Each structure stands twice: as structure tokens, then as C-alpha cells.
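Paired with chain B in one complex and with chain C in the other, chain A is shared by the two complexes that follow.
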Partner chain A sequence: MGRIPLIGKVGIIWVLMYLALKFLVSPPLPSSVIFMYMSLVTVCVLLYVSVFQDDADAFFGPIKRFIAGDDNEGGLRKLSRVVVFIAIPLFFGFRSYNSNMPSFEPPIQQRVIHPAPPTQFVGLYNPYREDKEHFAENVAAGGKIFFENCVFCHGDKLDGNGIFADGFNLRPANFTDPTTISMLQEAFLFWRISKGGIGLPEESTPWDSAMPRWEAMLSEEDRWKVILFLYDYTGYAPRTWE
Partner chain B sequence: METFLKSIVENKKGWSKGLLGLMGLFVLMFLATTLYAASGPTGSGDEYRTFMGISSRNVIWFVAEVHLMFGAFVLGVPIFAVTLEAIGAKTKDPRYDKLSHEFVKLLGGAFSTTAALGGLLAFSLFGLYPRFMGYMFDVFHDVFYIYALIFFGESFTFYLYYYLWDKMQNRKWTHIWLGVLLNVWGTVLMMVANTWAGFMMSPVQIDPNTGNFIGTTMQAVTTPLWHPINVHRILGNIAFGGFVGGAYAAVRYLGAQTQAEKAHYDWMGFISNMIAIAGLLPLPFAGYWMGREVYSVSAVMGNNMMGGAFSWTFILQAVLVGTLFIFSNYYLWIGMERIPGSERYSKYIKFIEGILIICFAVWLTPHNLPLNAEEQIALGGQYHPTFKFLGLMAAKNAVINLIILSTFASFLLYRRANKKDGIPFSEQGTRAKVTLCGVGALCLAVMGWYGSFMWNADPAIYDLPADRAKYFKLPAMLMFIQMAMVFVAIGLTFMNKGKIGQALYLGVGVLSITFVLGVYGFIVMAVANPLLRNIAFTQWSMMMTCLLLVSTIDAYLFHGAEEYGAIVWGKMPVRSQYVLILLCMAIVLNIGLMGFIRSGLREDWHIYGVLRDTSQWAFTPTNATMAKMVSACLLVFLGIVSFLFWLTSVDSKKGHGGSGEGAHEPIAKPIGGIVPNPALSMGMQHRSMTGGAGGVGTGDLAGGHFSPGTLSISKDEKEI
Partner chain C sequence: MRTILSLFFFLILALPAFADEKPASGGSGNVEAGKVIYDKRCIFCHGKEGAGDGPASERFSPKPRDFTMGLFKYRTTPNGMMPTDDDLFKVVSHGLPGTGMPAWDDVLSEQDRRDVVAYIKTFSERFAKQTEPLPVVAIGAEIPSSPESIEKGRELFQKLECFKCHGNEGRGNGPSALTLTDDKGDPILPRNLTLNWHFRGGGEAKDIYMRINTGLNGTPMPSFTDSLDNEKSWHLANYVRSLSPATRPAMDVVIKSKKVTGAIPTDPADPFWQAGGEGGQDANWFPMVGQVVRHERHFTPTVRDIFVKSVFNQDEIGFLISWNDPSESKEGDPLPTPGGAVEEDLFGSFGQEEDSSKAAAPTTASDDAISVQFPSVKPEGFKKPFFVRGDDKLSVNLWNWTAGKLSESNSNGIDKETMQAQEGVAIQGAGGYKEGQYQIVLKRSLLSDDKVNDTQFEVGKFTSIAFQARDGHNGETGTKMSISHWYFVLLEPETPKEVFIYPPLVFLAVLGFELILRWRLRKSNDSKK
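Right after this comes the complex of A and B.
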């Protein structure tokens, strides 16, 4: 690397970073995240090469000379400048055309996973959580309800891999994931179970969810008991008062 | 005083116009508010009105935002202006007094503009939202009058503070106390205004049947969000004032006609940036505290904020906050080129930058990724199995502390760049030893108090089952370990091995704060979620002890140190000044964005859960609309500020020239962005900028004129 000019080193680092993000991460990163990280890499290298004047001259000098040209440059250099100056607007024109051309690709989703619950569901508490005397009994009852109704989608390990799961997109929620029910209050789960996918607000794409509206099939007591079971089985604690 | 009053009557300086205008505005505002108040709390007239067919929500949004931007500036600047003045009085260094005075000059026009915008906001609110304002007046009518009275107090104190600057040079500490009083007025004023925002978001004492307020005025004031908003705004104002002051210095630097001017504004830009960083360091934690309290007040607002409609605005906020930290560091790094001897440390910059960028990447990564259909299928769901963890609060808390500590590392490098080893600590006086032990005791007290609390905490206070008590132990133990490191670091310093002590204390701190508690945060989120706020406080308090203890040790490590050469103020490439302007724009955008989020969280409620917004503008605007509106606020704010700064520059044109040798020296044409000035090179700078053999220049205090003598940084003087 010692003989490679600074601008070349920067180019190599940039390309290597892109290749690493594109091909070394599994499952692959979404293009939006790669774009975000590569923007950061670009900012990072530009800052690095411009901290000290010597580096800045070494990096930007060749670019300035290429753009401005000089009296002694050869024909090939002039030609390459002309090519670059034509290629750059063409490239952006192509990008602009591509992004505006009608496409069959669905647009990138910014689906809200955990939308705000309606006001009437805020501040509800699981009536069975404080009943320490019958806690195990209520958990067992909740488990029974789960295995009679929910297991087909959410799976017998509560990991979202029920027998119907592969038929859905969105896949059923994985309750064993530490970033799902542990981050939510029980009232939130009660809302989701009660109202199902159809009760989601628009930003959460209710048309994508196959979750039934369980309030039509389960009593309020049963819904609270199944919530008790979900937390007990996974070992997570519900988000509490805060 | 007579002369002061005379100057007002004779309208000498122009500011008296602003003062009189201000008073007139308040008389009008009183009349208007009294008339509206007389119509009763709910009124019988229109619920909403429009002005020339413009969306009333947008009118209020725009006016309130620009008013708040000016408010942040006029409340933030006095805090550090009086601090700088006190440093100047204590050290007898006239540079600080001069700088402080220059900051206060910037306030003159901004003060009147803030008041005018406040009046316009009040008119607009009463005119466009009469029902809402009727309700608010019903609850806060006492507070409105107190607010106006405090404003009078602040206005008169400001004008006294400003106009008596030169006259009170012989009674400096009295003048400084006047500045302190100005800050007290300003802070109380802001806190009073915050009561309205707090009540609108977290109303208390509401009759559930009628929706009427049934409590006392004090209950309406002391809502759950009042203090989180207070703390967040005070810190934000300091950072805001610092960055705007930095932009002012940058513009003046770029237009400087003499080397003395360049040196002055380079120094001013540096000080402004340091002030802004000082305000910025505790801000993330203050924001986290406020966010948690918002969630506590309402899970709906909490969900909307971080997981719902406003979650993408927080990604934008992450970009802006990251910009502030990274470019503040970048400015410091560029500045090292003007410090002889800094080349010894330049090799560390790439590591700091690498850490900052990685942390920023984590800080920026959303939990819920934007995906197209193919990507969603490839991932098997909405979340990436690995990167989803980077989007959680535990990860954010870990990296923001590391970002702060990395910024601190940049500051340490900058500080010691031109210094050789100082007097061994063991040979320093009692004062050094007592100070270090005192700081150590403070660190021990904070960590001991909170560590003990955590060790003995009852999980029931967080509605957690008893078996979760074990999760409180690890943070407590880490605090006890860090307490032991206080003894180690101080002990090593006493043995003249302070650098090792610093490294150990910082190293153990980073390990605990970022890596142990960072990972532990994920476990806690799953099994004892409320404890995460305690983890966050543990991380933050340990981080603050790192800043406090390590910087104290550093101060004595290099006490009396010989230097490689003086800092060559005025030798900065132009890109560094554009960075200062960029930082100003980033903080202005940030304040606009966060204002949108805080206010927008109420969704279609004027007063959350009590008074619904039934107007046609009750919907939450899109992020695109927000971006346009905040950008418009930025342009208008910076436009008005530029005009006011130009006025200031007209007033101060007579200064900054001085009579010293080299002061009027024209600036050479920049080559590669850096202005070479052989006279300012190491060793010669002292003579070239003092106009004599190290003496203070003439006329700098008596006439309010700048003297180049005040710029000199000789070997026996300290830089900040």
C-alpha cells in the first residue's frame, strides 16, 4: 500500500467496505442499510483525508488537476476528462430515469411494527398477575388456550414457526425473540390479541397481517391468561409502569 | 447610571429603540390577553380562525419554532458569557472579558427579536386558537402575569448588564453578579414557559367528567414532564448558543481583514465550539430521561415516539446528533495543525475517528429496517437477526457514552498537543493534592450513593418480581470496581504516574460502560425492562466521573509544562470555519426537528387526553412537510441572525484593529486554505501580536476597543 497514492487507498478501502457489507453479512443487509453505512464510510474517509493539509493536498490535488488540466497534459488525459464529464451527467440521468420509471417492484416499506395503542387500551393491567395464589393455575389455563388456538401459527415453541407460518407474509410473531414481547406492556399485547391484524393502524399495514380478531372468539379473561402464559413460558418480564 | 439613562433618551446606540419597542409590545400583549381572558375559559366565539387562509397550525408552528430558536440563543449565551467574564476576572486575562462582551453584544438585537416573536406567537395563538387559549388562560392566568413580570426583570437586567459593561470595569464582580441575576431571570422565565408545554403533554388534576382543570396553579406547574423539559432545554440552550456563536466567529474569521482579527475570531470559534460540546455531552442522557418520562406519562406517546409515527424522525435526529459530535471532533483535529508538537498525537486521530464512525453507525441503525419485498423474504421477517439488536436502546446507550468519551479523548489530545511533561505531581503544592482528592471524593460519593442504591434496591419498586433482584447487582458491582479505580488512579498520580492512572481509569470505565453494561442492557431489556433506565444512569454517571477525574489529573499532569510553542491562533484552513457553520445549521435543524416531535406526540390533542384538536389541521404532518417547515425555520432564523450579527459587526468595526505590530498586517492570499504568516510562527507570535514585549495592548478595556495585545498566547500563559 506504500506506493499507492492516497486517493487510490481511499478508493480501495471504500470498495472493500462495500463488498464486505454486501457479501459477508448473512442474511444479506437491505439496500437501505448498505446505503446508510456506505454514506458513513464516505464521510469517514473524506474527513480523514482532509484533517491535515498534506493529506488534503494529496487527496484533492489529483482531482483538482484532473478537472482543471494543465498546459503540459497529453491528449489521453484531455480525452479522459471529456469522457468523465460526459459520463457523470449521463450516470445521474440514468439513475433518475430508473428511479422514475414505472416498476412492478413494490415500494420499500417503512412498516411500523409497534404502533401506539388506542387510548382505551392504555393503562390496563393483567388482573391475574397479582393473583399469586392461583398464578400457576392461570398460567396453565393460558397455555391450554394457546395450544388450542395460537399454536398453529406461533408454533409450539412460541417461535413463530407454526405449521401455517410459511403461508404468511408477514410471518407470525416470534415470542422468544428478546426484542418483541419483553419490550411491550401487557396492555399492548391485550390490544393486539383483541383487535388482531384488522385493528392495526394504517402505518402498520393491517392488510398484511393475518392475525384474527380474538375478542370475537375468546373471553377477556382468556386473553389475559394467554398473555400470562406467553411471558411465563419465555421467561421475559413485561414492560411495566414506565 | 445617569449617562446610561441619558444614552437612552438621546438614543445613542440604537438599542433603546428595541427596549421601548419591547415595552410597547408587552403593553399590547397585556391588553390582548386580558380581553381574551375576559371572554371566559371556553368562550362562545369561534373555536378556530385562520389568517389569510393560511393553515393556522403552520402559522403557529413556524412562529413558535423561530421564537424558540431565538429564545434558546438568548438564554444560552448569557450562561457562558458570564462564565467567561468570571474566568477573565479571576485570571486577570482581558481576552475573556473581551470575548464575553462580544457574545453579549450579539444578544442585543436577538433579545428584542425574541420578545417580538413571543408577542407575535401570543397574538397568533389567541387569534387562531381562541378556545384552546381560553382553557390555558383559565389554568395559567396567574402564571402568565408572573411570566410577563419576570420578562421585565430579565429585560432590565440585560440592559443594565450590557450598558454598564465598560462603566463597571472597576466593580467587575458586581457586574458579574448582575450577569448571574440575568441568568436567574432567564432560567426562571424559561421554566415558567415550560410549564405550559409540560401541562399540554402531561396534564394533571383534570375532572374526568367535564375535562376542566380542578387543581391549583402549582399543580398545573409541576407536571411530570416539567423538569425533564427544563433540564433538556437548559443544556440544549448552552449547546445552541455555543454553535451559533461559533458560526458568528467563523463568518467573521472568513471576512477578517487583518491577522489580529483572524486570530481573535479563530479563538472565539474554538471557545464557542468547546462551550457547545460542554452543553452537548450531557444532552443525550437528558433526552433519554425525558423520553422515558414521556413513556411513563403515556404509553401511546411513548410508542409513537420511538416505535410509531415519529420513529423515523428519530433516525433523522440520530444523523444530526452524530453530525454534531463528529464534526466537533473534526474541528478539534484540524485545529491541532496550528499547535506545535501536535504531530506526536496525530496518529491517534484515525483510531478516534474509527471508533466515532462505528458508534455512529450503531447509533443510526433502526430496529425496524426499511425493506423491499425481496429483502423481507430473504430476512424471513421484518428484522435482521443480528442487526436488529443495534436498533435497541441498550445499544444506543452504550455507543453514545463511547462517542462522548471519544470526544473527550480528542479534547485531551488537543489540550496536551504542545506540552512537554509538567512538574511532577508529588512536587506540586497542597492545593493540587487537595483538589484532586476532593474531585476523587465527589466521584466516590456519586458512585457510592448510586451503587449502594442499586445493590439494595427492591424490585417491587419497579413492579418486578422478587427474583429480579439479582439483575441489580452487576451494575452496582461495576460501580464499586470503578470506585476502587478512583483510588488506583489518584494513587498512581501521587506516585507521578498519572498518565497510567488516567489510562486505567478510562480503560476500565469504557470496558464497564460500553461493553459490559452495553451487552447487559439487552439481557435487562428482556427480563427486567424498567431497570434499563437505571443501567443508563449507571453508565452516564460512570462516564461523567471519567470526564471529571481524568481531566483533573490532566490539568495537574501538565501544570507548568514547557511548551513546544504557542498555539498559532488565526492559522486555520477555511474548511474548519465552514465546519463551524455546518454545526450551527445542524443544531438549528435539530432543535426544529425535536420541537416537531415533542409537540407532535400529542397528535390530535391540544392538551393531551383533555382538549381535542377538532380543527382541519389536526393530522400529523408527513416527514416531508416537517423537513420543509424546519428548513424554512432554519433559513428565516439564520437570515435574521445574520442581519443582527451584521449590525453587531457595524458597531464593532472600530475594534479588533489595535495598534500593535502586525495587527493591521494584511492577510496573505490563502494557499491551500491556510493563511501563512511568518510573523505568527512559533516563537515570534508573542512579539508580533502584543505590539511590545509582552505587555497588554492599549485601550482594550477602557474604550471597549479590541487590542491585539489581548490575543497573545505566550509560553507562560495558559490556553483553555
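Right after this comes the complex of A and C.
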């Protein structure tokens, strides 16, 4: 360790800090936050190396020598200085260009993906879940409902890739994805199916979901049966409170 | 000892897997295993007995394949012949784009798919009767696409009368297009050859080569193999391929409306809108889907693609909207009877008697129409009116072109449309139908007097925009239509002057700092010496 010059150590620490902030923190930090933390790291490092004169010499010496150059230095050293001297202003010029150029990115629309259901839907249970005698029958009935109604968006494989999926901007939910129905209770599905995209609460605006209000088109029984089918086909179990 | 034993067992277990790597054409699938997969994955469309009558079949067009007929469209075998196992395997694996048939290769293993193919073959006796090996259409040495090859292909397209179904410009609008039926008596439309991403069997020249040499069994599409040799097949395939864009259009959710200096012409044929003109930029492409959100739903829309571009000047904003439709329809036009006017000689043995048991359909068409939808008032924050014609709280402003008539309306829900007084209609527009394609220009002043009902356009602001289309030959009236989701139109602001001033200043400042630093360092080094 002692053989690495101070400037190398500082460089390594700086890069390690960056990598940790970039890849180890979950959920990922926005780049503006990373920039803020890295500025702090830079200030701390500079403080540290300038406390003792020896450290300061060890740290700034090579930098000074690189900037100032030497009369009898090689051509490569000269060339690398020219490159660095042009690259750094270019970098800042480019940053300035980017921040001044008007952005044509549409406004980002954040939304709550799984909002809390209204109270009347909390604690509902699927009346067909415990009916072991007619289970297969009810699943098949749910499948029929799915393939008559839901398949156009949610797809033949229940993967959210139905023939109309491309036309909707929130794509239809992919039920085979482990972060959808397996994380949710049946009552939540019943709410979302019954009330549709337009029935979402305020915090989930914009109401971009194309999900119809199925209570207008399917009976309560049919809605529970289709939920039974979704879990049976994908092999997931609904989330419960136990 | 244990290692040797486990190695031994591993080999025993692995052997069949290696054997399955390259199954011989013609039966490496297990019928029993295939039935288990079929009963879980396939019956909802293709039905318990393979008759294409599962619960999903009612609302899909094209309908799921009826395996009991033993007729398969996408083959490598000559016209009228059975498909090879590999043909069926390919369809199961890769699906048929634009239909309900998905690609199963991410869910089912290769062996699973072979098993399903084996089971599917039990539904029709024609497979059992097929004992001799099937001949396969060979694709000869490729002739790469070139202007000469495309021109020769165009001549063949005329000579072989492809235009009778596919239309002069290939948009699936030929004179007999609306009368065609398949062998089950269901109406069938000729493919629009200008949108190759919808081609079921693949959109590249080699796929087209295969289709024109094999035909599509059970449909009016014959094989032209008797009139084509390898060279001619490539020419025709290259021509058909050239009718579609080189690459599938990518979706950009923002229509960038371009600032122009002069007037915005309402005639879509004006050189202004053509390549090289002020409004000659590439159009945005958006997918259109059936209105399946509100009762009464529409599952088989005609219009699946819409192309839009926009320009503005200091007073007005204009949109050029184009979409494909195999027929021009006006309210009251008589509808053709499917199967009624099929030319028998063209389709040989595949012209079948029509099914007279079909329920009485409407006998006259309604108007073809397009609507461009905006929020009536720019909403606060992220709120937007519901994308299908607004909601109770937030209304939308619609610019309607209905078989040549212009109107403006507001809507608070799919069945709550209020027409604006005709004398106050501020939009202007023109355009019409030509060779299977509509091209319509709609324009309006950027700002209007009615700030409550009319959307207002500001430079540099994102305005939500959506589209709705109707094909009057497809029963599309009322709630039945093609819809799009919300996208954006942005009136491109001029590049601010800062963009050209600040970056060079920053560059010079940083460079100057570097040079001063170097100068000072050298000076202090010199003084030390």
C-alpha cells in the first residue's frame, strides 16, 4: 500500500466512492445527487491532503509538474498535456451546451403504481378460492372470461403483450412478472378490475391506464373467477396477511 | 465411486436431451405430452378438438386456425400441400405477428413445442394420409434488391394481376379486396404490402419469396410458382419488399411541430409536404388499436397505423395525417357481399361455396372519419382527460374530418360528445382518399377566442394529442373505432441564442484558467532555479 503514491490513493478512493454511489445504492441515485456527493468527496480529499505540507507536496507535486512541464521532457508528455488542456475546457463547454439546449423530452410523469385500495375493497376474499370441489371448473370459467375479454391487451401468454398492447402507454400488466399479481392480494386485483384505470385515486394520476371499468361489463362472479384463473395459470399464489 | 456413478446417471439422463438437439423432420414430438401442453396453452383459442372454436375465437380476426381442416397458411411446401413439422414448429415458436398467436419459444422448451406440433397433427386425417415425404420449395441464389430488380418485379406485379387484390400501390385495396373469403367462409382482407411489420410469415424478401411460391392454403392467395422461376421470384419479392419502409418506424411519443415561414397549404399533394418541401420531414408513426375500453367494444379495427406530421407558422398549426383503409366509405354506400364477386378462375380449387348461415350484417357503410383529440384546456400538473374522449371532469377538444366534412366538438366521455356550432368551426382542411390511403391536412390558428372549449397552442409547450379513426366499411360508428393513447405535440422553439454564446465562453474561460496556472507555475519554478 505504501508504494502507491498519494495521488494514486486519492484517485482510487475517489473512483471507489463513485462506483459505490452509482452501483451499490438501491434504488439508484439520480445523477444530480451523485454529483453532489462526489463534490463533497472532492472537497474532503483536498482538505485532507492539504493539512500536512508533506502530503500537499506529494499530492500537488506531480500535478504541478504535469501542468508546468519541463524544458527537456519527451514529446509524449507534451502531447498528453495539450490533449488534457483541450479536453477539460471542451468537457465544460459541452456541459454548458447541454444545459442551455432546450430539451424535447416530454414531461416525466411519476405515479404510484400500486396505490392503496378504497376501504370497501380491503379485506375482500375470493369466494371461489376455498371451493375445492369446483376449483378446476371455476378456473376454466375464468379462463374463458380472460380469453373473451382480457387477452387483447394482456396477451395469450398473460405477459402483457396482447395484440393491442403496443397502443397503450402504460403497457398492460404482465401477470407472469413476479412483481405483479404475486405481490398483491386478490382484493386488490378485484378493485383494479372492477374500477379500472379511471377509478384510480388522485395520487395515481395521470389516468393513463387503459384498464376498463369491468364492473360495467362483467358480473362480480366473473371478476372473481378470472382472478382465480390468473393465479392458477401463472402458478403464483395471492399475497395474504398471514 | 460415487462420482463415477453420478457421472453415469448424468450421461443416461443427458442422452435423450442430446438426441433432441436436432430432431428429424417428421415426428420427434410426443402426442401425449403435447396434449397436456395444448390443453393448458392452446384450447382457449384453438378449442378442445382443434376446430379453432375456443372462447377467444369469436372476437379475433383472423380467427384461430381450425386444425381439423388441415389447411395451413405458412409453409415451405407447394400450394395445397401439408406443412412440414418444421413449418408448424416455426409458427409455434415465433408466432404470427399481428394476430393473437404469440411466440411460444420463451415459455415452452423446444421439446414442448415439438410435442405440441405432434398433437396438433392428430386433429386432421390429412396428416395421417400424408405418408410420402413432403417436397419443400427451395429458395435459389439470391438476387439482391436493386432499382432494376424492383422494376422487373413491378412489371410482374402487373402481369400476374397481384393488384386485383393488393391494389395498384399494394395497400390491400384492389377491386376484389372486400369480396374475399377464406375456405371457412369468413371474410379475409388481402395484405397491405406497404406495412411489412404486419406480415404474418415475415416481412423480408426471402419470406415474400416463399409466400408467392407456396401460396396461403385455405385463402384466396394462390401460388405463383408456375409463372415464376428463381430470378423472377426474387424480382417480385424485392418489389414487394420495396413497398414498405426499409426499417420499421420507431415510435417517438413527441410530434415535433416544425416552424415554417410561409403559409400552410391544406392540399396534402402540395410540394410543401413532400420530401424537400418545408413540411417534408419524416412523419411520426403511432399504433392504433380497437376501442376496447368502454362498452360497446370493437375488437377488429381496420386502422392499425397512423402517420402524422406537423408544422406551424406565426399564426397557425397544421397536421398532415395519413392512414390506410382498403375502401373509401360514405354513409349509405352499399356494402359488398363477401364471397359474392370472387373470380373463380383466379383462385382455382380454393374458391369455396359461401356460408349462408351468417347473421344479417348491415348492408350499407357509414362514413370514414378521423378525429384529432386535445385536452380542451391545458390541465394543471400531470392531469389529463381520460384518453378515450375525456371524462366527467376534464373534457377533450376534437377536430373531426368525417368523409370530407369538418367539425369541432368537445367530449366528456365516449358517449358524451357536444358538437360546436358549425358557423364557429375554425379548423380548415382538405385531402382525401387515393389508392388505399387517406391523406388529410387539418389546421387551425394557434390561439382561438373560445378559451374554454378550444385547445390553445403555445410555442415550446407540450400539448397532449391523440387520434381516433373509423372505417365505414367495417361497421365503425359510435363507440366502434380505432383509438390511440395520448402522445404529445411540441411546437419547436427556436434555439435560444445562449446555446451559441455560453459554451464557447465557458471553453475559453477554462482554457484561460489553465494557461494562467501554467504560466504562474513556470514563473515560480524559474525563480526557484
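Assume the second predicted complex is superposed on the first by the 134 of 242 C-alpha atoms of A that agree within 3 Å, B and C clash if a C-alpha of one lies under 4 Å from a C-alpha of the other, contacts with A are read in each partner's own complex, and residues count from 1 in each chain.
Convention: contacts are C-beta pairs under 8 Å (C-beta built on N, C-alpha and C of every residue); 3 or more make two chains touch, one makes a residue touch a chain.
Everything quoted here is computed from the prediction, not taken from an experiment.
Of the two partner chains placed by the overlay, only chain B lies in contact with A:51; chain C stays clear of it.
Once chain A of one complex is fitted onto chain A of the other, the partner contacts of A:4 are absent, as it touches neither chain B nor chain C. After overlaying the two complexes on the shared chain, residue contacts for A:79 are found with neither chain B nor chain C. In the superposition on chain A, A:12 makes contact with neither chain B nor chain C. In the superposition on chain A, contact of A:30 is made with chain B only, not with chain C. Touch criterion met: A:104 reaches chain C, while chain B stays clear of it. Contacts of A:216 after superposition: chain C is touched, whereas chain B is not reached.
Look at A:87: by the touch rule set out above, it reaches neither chain B nor chain C. Applying the stated contact rule after C-alpha superposition, one finds that A:64 touches chain C and leaves chain B untouched.
In the superposition on chain A, the residues of chain A touched by chain B in one structure and by chain C in the other are 105-107, 109-111, 169. Across the complex, chain C meets chain A through its residues 40-41, 44-45, 54-56, 58-59, 98-102, 104, 107, 251, 253-254, 256, 287-290, 292-295, 299, 381-384, 386-388, 391, 460, 462, 483-488, 490, 492-493, 495-496, 498-499, 502-511, 514-515, 517-518, 521-522, 525.
Against chain C, in their complex, chain A makes its touches with residues 64, 67-69, 85-86, 88-90, 92-97, 100-102, 104-107, 109-111, 143-144, 146-148, 151-153, 155-157, 159, 161-164, 166-169, 196-198, 205-208, 210-212, 216-217, 233. Those residues of chain B that touch chain A in the shared complex are 292, 295-296, 298-301, 303-304, 307-309, 311-312, 326, 330, 333-334, 337, 346, 349-350, 353-354, 357, 360-361, 364-365, 367-373, 375-389, 392, 462-465, 468, 522, 525-530, 533, 573, 575, 609, 672-674.
Contacts from chain A toward chain B in the complex involve residues 25, 27-33, 36-37, 40-41, 43-44, 47-48, 50-53, 56-57, 105-119, 122-123, 160, 169-171, 174, 177-179, 182-183, 185, 187-188, 203, 235-242.
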